[in-house]
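These notes open a run of structures that come right after.
In what comes next, subunit A is part of two complexes: it sits with subunit B in the first one and with subunit C in the second one.
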Partner chain A sequence: MLAVFKRELRSYFTGVVGYVFMVVFLVVAAAVFCFTTLFSMSADVTTYFTVMLLFSAIILPLLTMKSFSEERKLKTEQLILTAPVSLTGMVIGKFLAAYVMFASALVFTSLYFLLLIPYAITFRVAVLFGNIIALLLVGAAFISIGLFVSSLTENQLSAAIGTIAIILGFLVVGLLSSLIPSNYVARYILDSVSIFSRFSAFTAGYFDFSAIIFYISLSALFVYLTVRIYDRRRYN
Partner chain B sequence: MNKFKKSFDRMVRSRNFSPTIVTALIIAAFLISNALIYMVYAYTRSSSSTVEQEDLSISDAAKEVLDEAKSAGKKITVTFCMSEADIQNHDRGSFVYRTAKYFENKYSPNDDFITLRFANIYTFEYDDPVIENGVRQRFDPTAYQKVKRTYASGSNDKEEYDEYVISTSTVIFECDVFGIAGELVKTNTRVVSSLGGAYADFFTLDGSNNITSYNGEEYFTAMLYWVLADAHDVAYFTIGHGENPSANLYTALICAGYYVDELNLRKSNVPDNAGLVVICNPKTDFESSTNDDFPSEIARLADYADKGGNFYVVIDPVAKKLPAIERFAAEEFGISIKADADGNRFMVKDLNNSISVSGFTGFTLAAEYADTELGALIKDKLSEYGENIVVNDTAALNCDESLGASAILQSSSSSGLDVGGRDASAPGPHTLVAYSERENTYNESAKMVFVPSIYLTANDVMVSNRYANKDFMYSIFEVFCDEGTMPYGIDCVAMQEERLEDLTFGTAMLYTSILMAIPVAVAAGGAAIILRRKNR
Partner chain C sequence: MIKAENLVKRYGSNYALNDVSFEIGEGEIVGLLGPNGAGKSTAMNILTGYLSATSGSVSINGVDILEHPIDAKKNIGFLPEQPPVYPEMTVIEYLNFVYELKGCDLDREAHINEILSVAKLVDVKKRLIKNLSKGYRQRVGIAQALVGDPKIIIFDEPTVGLDPKQILEVRNLIRTLGRRHTVILSTHILAEVQAVCERVIIINKGNIIADAKTSELTKTIEGGYRYEIKICAQPKDVIPVISALGSVKKIESTGAKDADAFIYIVESTPGVDMRKQLFSACSSNQWPIIGLSAVGTDLETIFINLVDRSEEVTGGKKNKTRRAH
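== the complex of A and B ==
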């Protein structure tokens, strides 16, 4: 797993993809930060992280689209399937490489809020940490979805679009749940699988342990599904 | 773990369990377990808040004055017209209650210098029985519906009273003054009736009546100062010209120890007890034509000036011109608004030092203290309380030194003048707030402070602990009062906590440039690395 992780991480920085991801992420994060805080004269972290959540829904599929689809396209898939590394280790290695890229960019850009401390009436560090942790967990979920969809196709663009479609599906679920009155069971069921509804608790400053379990289990589920795809492919 | 994995794999690969079914079961388990966990969470709300709680406390700002009053043997009673249990549960009253308890504990832990009482306005009983001279005292709310005024100047022959509505959110401040022999000489009283809403006087509210900050410590301190003083000046707001005084200016005058009244110059002269005449943002001009039988408004103001009167004038420079009142300020006190040959006023603009409170327009500036006697005096006084005084949409002023006019506040050396959207001068400081003092033939000084901006007492600057606008107002009133105790340097508790303050446009642009340079550096570094690898 470690070898796969190192190889994947190195490939991000030997090719163009990693740098493009970093540059685009840093540009968008800086622009969002400046407009939502400096030029709005507000130390509110919620708006920034909500916008970054929506941006992550678009940028992360572009990061993960080549993870498995490129292997299929270049016909190097057989090497993976016959390599002396477990499928689970391989998938987790790729997952961790993409996640490290995303997490390092997110944590670095979150440091921008330190600039506001001398000017803020009150700066809630705990709310900032809550939002960072929430977005890290959401990012993990998006990356695992991206890996899963990437394993289904050899076309990178299809992988990216498929991932965005699934993430948007989760968004629609959240919108549908808001149309249902709060005392209906259906509302609870839809909210329970809505990525964005769960995220809003963190933006309000609440440490929602059930949401943490949800995001971790969602990430684990899609990693498992990716392993199952390759397991089936190996024996077919 | 490996044992579990092997059994799981064996089970999956057995004929009875196809991988598809297992996968479906896992997905179902994920959905059901998360739904159950979420429903349990929604009912029990077992999450913990990451938001920190704000804590009230009081500063040492009032220490010297209250210690002196205590040494003089004065005793202060603060009576809440609500039971102690009720006020502790009141959403606004609990703030005032806590402030009162902090004062009692800080200045009167073991004596009766400050006593808190809680009374019922319907049963006329106190929470704790009050026994004086062996007689149980009952609370009489009607005794506070009319409170006699004591003026610092002018005639006190005619008794005048302030009338109050006593409600459950009324707070009554009383100070007993004792003579040399220990006999009670008099009781000074101030009633805070908060007509704008429960305990509204202790809070700053926005246009929609929402609380923007809690100013309880400052207001409480000001009320203690009020009852410790024996007499007060009156500040008269002129009416009849569409004046629209801000609630913050009104409150600042009360906290500075003034009675506040209205003055209709069309009907009467400026009263003898006037300590200050406030002309606040008039929309129409004052009458200037006069005859012997009926003096004009300007004539009445000039008469007051001749007697050594004080003026605080606020003019909105973007509104209609007011030739009569502006001529009065120019001819009597040497202060005028700068204008071009066509009469268009010069507005002060400084984009580099603009502080965005309502947007980076360049017209919202941090003012500097002028290098004049009064400017230096106020700067020295306020140096420990705050730095920037923020003004917005301000015209530039001319000061005629021969008539005693000088600047108090000025713009920075990088500021310029704007007229009709075009730059009208080279960069340089311009007078934003001016002061003038002139003596009449009786050696009495008439004073005027002229402010060509309605923003000096706006909500968002007055509730700030970072800007010094509020303390600047107190320093101005202190100039008029000669003697007076001002509640300087007391912070408020901002309810809208997410604002940024004191961030100039120049600083925001610098940060933006730095943040945008980072991805450029990453892109350049990445390109260099990739090119080097290709060239190997």
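== the complex of A and C ==
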């Protein structure tokens, strides 16, 4: 697992993907930070994290699109799959590599908020941390969805587009639920599988444990499905 | 060491392997031989745990590869058909990665240096794999299989795409490895098996059609030796005289001529080398012989015969005629 993790992390920086991701993430985060707080004279983190959530949905597939599809195309997966490594170890190694990229970018950009503390009259540090933790977990779910889609195809572009489509699917589910009157069961179901509906609790300043559990479960589910895909493929 | 029992691999209604069983002992060098698409790669992928068989089992050193994949895989070094190398890594980085991946517990630097010199990669160790030629990439693939000093080494078509000099080098390397490891290699090149392997397993259309010592394989084919002989005399004179010789099964004129000699194909009864007799018979009749060569004693002919026979058995091509070459 460690070997896969190290190789994967290094591969982000031997190609352009790692640099592109870091630069775009830092620049976009800085721009969003400026517009939502500095220019609008606000210490409210709601808009920043909502925009960053949507942005993560689009940028994270960049990290995961090649994870498995490239290995399949280059046939290097044959090396890993015939080495004494468990399938779960392989998938988690890849997951952690993408996750370290995302988490370090997110944590670094969150330091921007240090700028606000001297000026804001009511800066709620707990809300900031709640949002960072929530976004870190949503990112984990996005990454595991990305890994899963990447394990289905040899084509990186299809992997990226497929991942974005699934993530946007979770968004549309959230939008649909707002069209349904609140006393219907369907609305409850749609809300509970919506990554975005659940996220709004955090931006509103609540720390929603059920959402935390939901994000962790979603990540675990897609990691598990990826392992199953590999296990299954041996029989095909 | 390796035991494959009743392996079946089915893709839809196609059988890539159809009830294949074999056992390979310690220190053997075994060639898996067959035409393209015969099931060689499928067999190797199943042995290494990359694919799972539809039914049947594989055990490595008594450990079942499906039940205890990690323990079983520790004993295997595998070079797949296409070397599994990362283009953006240098050779030395790559081998270090493989070392970590396999979780080896050896003197790392000494081990990797030894592999670099065995695979003749010392000069290119700091180069990116994407900048290496096909031959070098293949060697990196071989080096990768040697990392961790596994007891069993499996090479899928190790010499494909190499130039003749590299092919010789790789064959020598395999022979050297055979002294300390069990080696299985697949190939569709017969000379390779003859040059390197002690034992050969021939696969066609998912079935084993022969499994024998390379040196004994010639005896497993029915029918005798065949000779092409060029005699400067008319068929009407030659055929009665040669047919009368004791161990001649058949003689025919091919109708072709080489200068003023007629070309004949003579077939002897099994196990008899009758070149001397042929010479004496011609010489006593004062018929000059300008060429005499055995055909059909090389693996190639045996191979083609076996493949043809197995196809006839399975209801494949019937009444197929073969010309000697």
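Observations
The working rule: the second predicted complex is superposed on the first by the 234 of 236 C-alpha atoms of A that agree within 3 Å, B and C clash if a C-alpha of one lies under 4 Å from a C-alpha of the other, contacts with A are read in each partner's own complex, and residues count from 1 in each chain.
As a working rule, a residue touches a chain if its C-beta (ideal position, glycine included) is under 8 Å from a C-beta of that chain, and two chains touch if they have at least 3 such contacts.
The shown structure was predicted, so the numbers you read here are calculated from the model rather than taken from an experiment.
With subunit A as the common reference, the superposed partners subunit B and subunit C fit together side by side. In the superposition on chain A, A:T14 makes contact with both subunit B and subunit C. Residue contacts after overlaying the shared chain place A:L74 against subunit C, while subunit B stays out of touching range. In the superposition on chain A, A:A30 makes contact with subunit B only, not with subunit C. Looking at the shared chain after the overlay, A:L2 reaches subunit C, while subunit B stays out of its contact range. Subunit A is touched at more residues by one of its partners, and among subunit B and subunit C that partner is B. Superposing the two structures on chain A brings subunit B to within 8 Å of subunit C, judged by their nearest Cα atoms. With the contact threshold set out at the top, residues 14-15 of subunit A are in contact with subunit B in one structure and with subunit C in the other. Taken together, the subunit C residues at the contact with subunit A in this complex read 11, 45, 48-52, 54, 69-71, 73-74, 76, 78, 80-82, 84-89, 97-98, 100-103, 144. Remark: subunit A residues 13-16, 18-19, 22-24, 26-27, 30-31, 33-34, 37-39, 41-44, 112, 115-116, 118-122, 124, 126-127, 129-130, 188-189, 191-193, 201, 205-210, 213-214, 217-218, 221, 224-225, 228, 231-232 touch subunit B in the complex.
Interface residues of subunit B facing subunit A in the complex, by the touch rule stated above, are 19, 23, 26-27, 30-31, 33-35, 37-42, 46-52, 54, 356-357, 360, 464-466, 494, 496-503, 508, 511-512, 515-516, 518-519, 522-523, 526-527, 529-530, 533. For subunit A in complex with subunit C, the residues that touch the partner chain are 2-4, 6-7, 11, 14-15, 74-86, 234-236.
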